[in-house]
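The next part holds the structures, each set out as structure tokens.
Next come two complexes built around subunit A: one with subunit B, the other with subunit C.
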Partner chain A sequence: MVKGKRAWKRNMIAYAMILPAMLLFIIFVIVPAVQSFVTSLTDWNGIGSAKFVGLANYIDIFSSPESRFYKALQNNLFWLVFGSTLPVVLGLVQANLLVRNRIKYSNVFQMIFFLPQILSVTVACVIWTWIYDPISGPVNEILRLIGLSNLQRSWLGDSHWVMISLLVAYVWLAYGFSTVVFSAAIQGVDTQLYEAATLDGCGKWKQFRNVTMPGIRRTLNTVILLQIIGSFQVFDIVYIMTKGGPGYDSYVLSYYVFSEGLLTSRVGYGSALSIVLSALLFLVSVVYTKLTERTEL
Partner chain B sequence: MKPKINVLGRVPIYLLLLVFSLATLLPLFWVFLTSLKTRKELIKHGPLAWPEAWNWANYHKVWTAGHFSIYFTNSVWIAVVTVAIVLLVVLLASYALSFLNFAGKSFWNYMVVLGLLIPFDLIMIPMFFDMKNFGLLNTRWAVILPQIALSVPFSIFLMRGFMKGTPESLLEAARIDGAGEFRILFSVVTPIVKPAVISLLIFTLISSWNNFMLPTIMISDDKLRTVPLGLNAFRTKYTMDVTLTSAGAVIIALPVIVVYLVFQRRLIDGLIVGAVKQ
Partner chain C sequence: MWRRMTVILLALAVVFGLSACGGSKGDSGNSGDSGKGGAAGEAGGTGTTTAAAAGEDAASAGGADRNAKIKIRMMTHYTDEARRNLLNDAIAKFKESWPNAEVVDETTSEYATKEKLEFTSGDGPDFVTVDDLMQQTLNQGHYLKDLTDMVQRNDYIGKSVPGAVEFNNLRTPGKFYSIPTLMAPVVIYYNKDIFQELGVTSPPQSVEELESIMDKAKQAGYTPMANAGQSNMNLMWLAYHLIFNNTNMEDIRQWYYQKSTPDSVKKGFIDAFAKIADWTNKGYLGDPKVMLGVSYDNYISNLYAKGTVAMVMDGDWNIASFMDSGVNTGVFAFPSEYIVNATDSGWALNANADETKTAAFEDFVNIFYTQDMVGKFYTAGYTPSVKFDAANSEAPPLKKELQQAVADKKLGYYLDNAVPGLFDSISRITQELYAGKSTPEQTWDQIQAAYEKGLTK
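Right, the complex of A and B next:
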């Protein structure tokens, strides 16, 4: 009996320690996640009583002519492809330059590249909205000064350019993270491998391909995965800079969830969208992880 | 012996790095310059001109008439309470999950991993209506509580990783001396993982200060707005006055930049551990 009593006491202490964190987590994360599932099966305007409609919201998302789902998905895919490759490529180049050339003040450079990352997205958006401003913004002003006035446009108001303009702002904001992480990873690669490669007559490019890349593969895969996850959750930039416009040209899934569920009060529909978004995110992450695991073998 | 490096050959590399640095810093510097201009000046000389004088009037106007003093207080309040509670609950939970054996332990570890996978988009709609039902909508707690809850999985994940490096023998020695688990956590383990605690502190502080989506959903009352919300509302209200909005942007960015410069290495190391060891 003594043993049982001691075990009981040990459990009590452990639960006293994990409960504050876990209760908050369950109430504010797990419960709402379950509520999303339930709400997605209803038609609800947020005030009256909800009506059970089965899978009607999901059918609407995929087949209603008014659905913006495919437009938003297309923009998310654009973001997925370029938002996860451009910062990674830039980061790889910079980290390689910094570490492999034993650059002086490497820390200062890293600090500068990482700086935009710590700013509020709101600040970054204010800066870039102004940079793109058709009348008083520097981009159009510079184009005018170098005699390319015919290229001037409303960068955020042009349906062909809006996503590219947003992406440039995003890359500026986000690339420093990969530079810093890759720098740490490349520093961890055994220097003897580089010496051996040099002796074998490998040039810079071959060293990069055959020593650096395999050495940082796991970090590379993790960073790309984080960028992929992030690309599904892009919200702040779109909300602040374009509100999905012009028209629906810069709609992304995250913003679509927000605008349906909380702005226009189609709560059930918005919830169904959020489930679809999460399922897609999960699917892409699993596929990516499986693919990278396979290439590692 | 270190291999010789061709000094001249490195000049282009330095130049390239300088170009990258300029591209990164220029937008920030530009906004600072704009915040010192008057509106008339901006229209007259265009966006690329140097300011005529060090004119701090925009800052005064934004701080008082623009309500930034109120937004600033709200942001500080929310950030400090969030950080304090996150540190406390995360230290407690990470200790139990690292060092204690108890019924259901693997279930709770599994919950932490599950938490890492749940996107905010999935929970934002029900969270809004829950807060409405709790009567917390348009209060600071509607931001603080979910913010803590959302940071729990990643923070425990990070902290547990650091705690695992603590030698068990230290804990055993303390137990033999009759120290209770809470005592061991705060006077043996916490001092050892102090660097991780500081990383987590800075990281949570900056995330809270910069958070945009959650406060946007929870707060509509101007008196309760945080600085990012304030700046965005301000921007919408004074669309034409770039100089004022620029001053607002500098006011938000400055405290974070100062914290960043002081704790740079701590913050980055914490992030790297989070990203690389995942």
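Right, the complex of A and C next:
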């Protein structure tokens, strides 16, 4: 007991320092999360009174024939696999080229690659929607001009191509961030390691594999984790470009939450969906973190 | 002790948060049952060529201090440039008699969602435009002021085309919570040159004649009827017209006003979807694979303007785009007794508005009932619900043609406005029908399931 009291007294200043941030965290994160969970146990429509329905919303999500949960989850998993890896791979390759190959004006190139990141997502998505227009969009127009008319598609209207088309727009927006982060990380790797590797006769590829990759492992893990989180949070691209269509072919979980919670005024059901989405995201993040920790050991 | 205090603080934060969650205001107030579905439905069309002109000096609430310094927040659905300019004109006119009023226009394309969020958070705008469904939704929380006295005092019903004012308020029979000033008819715009080439000299008088024209256009190598499939609205409106054509309107009203789902409505929907599936298979509605990627925002300039489309179903709000397309365009109404034509929302007032703001609202709405303002909307291509003598107006010929086309048509519903969220559901469910992924019966089942999810409890 005395020991505990001494610890509190010693650390009072530290606790006082973090208290404002903790309060903000509690008020703007914990409380809304708890509110959301409580709302998910009701049939509230956002305006009238709320009736407690227990776990009915959750049962509906997983078992109702009208539920779009599995379709949305399928699309999110597609996004998870490709949306987490492609920006990372492209960013890593580019960063390595820029930093290790001592390309002139690499800072300018970094800035150019980062530009999509600073563009408004809305503006970028509107532009991509025009690019993909099946009648007069540049993609189909270029294909026609180079004699590949048979490759023309309705990029956002064809159920086989819509997710790929959205993914291309997403990768274009996201890989600049990876490039900049990896560039900084690679620059932080001790150059003497590369010199030693060169003396040992290692070529570029072996240096990348045995020096660069281990050196930036923590950064790589963080960037992949951020991309994983981003793949579950994707909403703006889908909302602006396809609204989840055609049909439900590009439906994602976050759009499902929006649709049910705000458009259909099923706030209780929407809250339950958001809780499920959060739980999924938490699970995936924990699994990934455990895997990477095990690899490091 | 510090530990105990920290725990108490945390617990208080949680309790405070929980006590604020859940329902807001009381149970449903004025929503739901509307037994008087007949008035607007039987109304005689949207023609604005009747002789009675709206009064210039409509009475407003007396005794109001028009020099009062007030701030009015406004949120509307007037997102297109033409209507924004007209709204700014109205605001300028309003400020002539309310010089110290500050009007903040918060119009946004997501106005429906924003209005709901702001009202439920206790910070709703003062003046809003609401459609009949949004009105019902907001009335559940008693967020809108009862304007019945205002409507009667200013005789808005007498000054409007028959059934217009009642139409927006049919979910609250006997009471008025909004005052519409515009209609939103959906018509068929057609390429006159293509029609001439096909030997079609007059608009079709039946669905069979319409189908025959589409067949001729298809044989001649044109797209008979285009559909901007990304939102699928053109196809949805076509479906609604087919439903009006084959279903008793009184039964449709039962469904629309959330009272019941008669078997005739189910059959009407399925038959309409079967017709659409048939026309799609025949190529009358374009190639779904291409059309599903076409955006409504630019299909007129990207597709219709190329001159390869014979017809397209769209609203009067796009008339300027059709006029600017470079295509020799005409317009006719769908060959049925009822057409998709509802009041294009109505002006409503925050229930918390005090006397001064209520008086300001009355003066503001009266501006939209002046002949000058009605004429401006008409010339810009819109369809006022206010009676207006259009004989000497400077409206373009296409506009006059549109007014003539809808003059003797009865008001029908945007069926996707029956319950919240139904528009989004019908849009994507009919996309699947269009793509051949679902049958008419499956399409109906999914729509009905979405409808039942959105029913007001």
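One rule holds in what follows: the second predicted complex is superposed on the first by the 267 of 297 C-alpha atoms of A that agree within 3 Å, B and C clash if a C-alpha of one lies under 4 Å from a C-alpha of the other, contacts with A are read in each partner's own complex, and residues count from 1 in each chain.
One rule holds in what follows: a contact is a pair of C-beta atoms (placed from the backbone, for glycine too) under 8 Å apart; a residue touches a chain by one contact, two chains touch by 3 or more.
Please read all numbers here as calculations on a predicted model, not as lab measurements.
Partners subunit B and subunit C, once the complexes are superposed on subunit A, run into each other and clash.
Counting the residues of subunit A that each partner touches, subunit B and subunit C differ, and the larger count belongs to B. Looking at the shared chain after the overlay, A:Leu283 reaches neither subunit B nor subunit C.
In the superposition on chain A, A:Thr242 makes contact with subunit C only, not with subunit B. When the shared chain is aligned, subunit B comes close enough to touch A:Val180, but subunit C does not.
Of the two partner chains, both subunit B and subunit C are touched by A:Ile27.
Shared-chain residue A:Leu55: touches no atom of subunit B or subunit C.
Legend: residue contacts after superposition of the two complexes on their common chain; A:Thr39 is shown touching both subunit B and subunit C. In the superposition on chain A, contact is made by A:Ile118 with subunit B only, not with subunit C. Legend: residue contacts after superposition of the two complexes on their common chain; A:Glu66 is shown touching subunit C, with no touch to subunit B.
In the superposition on chain A, A:Asp133 makes contact with both subunit B and subunit C. Subunit C runs into subunit B after superposition on chain A, and of the options 8-16, 134-142 or 242-250 the stretch responsible is 134-142. Common to the subunit B and subunit C contact sets on subunit A are residues 15, 27, 30-32, 35, 39, 46, 129-130, 133, 136, 262. Remark: subunit B residues 3, 5, 10, 13-14, 16-17, 20-21, 23-25, 27-28, 30-31, 34, 42-43, 46-48, 88-90, 92-93, 95-97, 100-103, 105, 108, 111, 115, 117-130, 145-146, 148-150, 152-153, 156, 180-182, 185, 206, 209-210, 212-213, 216-217, 227-229, 231-232, 235, 242, 245-246, 248-249, 252-253, 256-257, 260-261, 264, 267-268, 271-272, 275-276, 278 touch subunit A in the complex. Listing the residues of subunit A that touch subunit B in their complex gives 10-11, 13-15, 17-18, 20-22, 24-25, 27-33, 35-36, 39, 46, 94, 97-98, 101-103, 109-116, 118-123, 125-131, 133, 136-138, 141-142, 145, 172, 176-177, 180-181, 184-185, 195, 198, 218-219, 222-223, 226, 229, 232-233, 235-236, 239-240, 253-254, 257-258, 261-262, 267, 270-271, 274-275, 277-278, 281-282, 285.
Chain contact summary for the complex, subunit C toward subunit A: residues 2-3, 10, 13-14, 16-18, 20-28, 113, 116, 119-120, 137-138, 140-141, 229-232, 288-295, 298, 302-303, 306, 420-421, 423-425, 427-429, 431-432, 435, 437, 446, 449-450, 453-454, 456-457. Residues 4, 8, 12, 15, 23, 26-27, 30-32, 34-35, 38-39, 42-51, 66, 129-130, 132-136, 153-159, 242-248, 259-260, 262-266 of subunit A are the ones touching subunit C in the complex.
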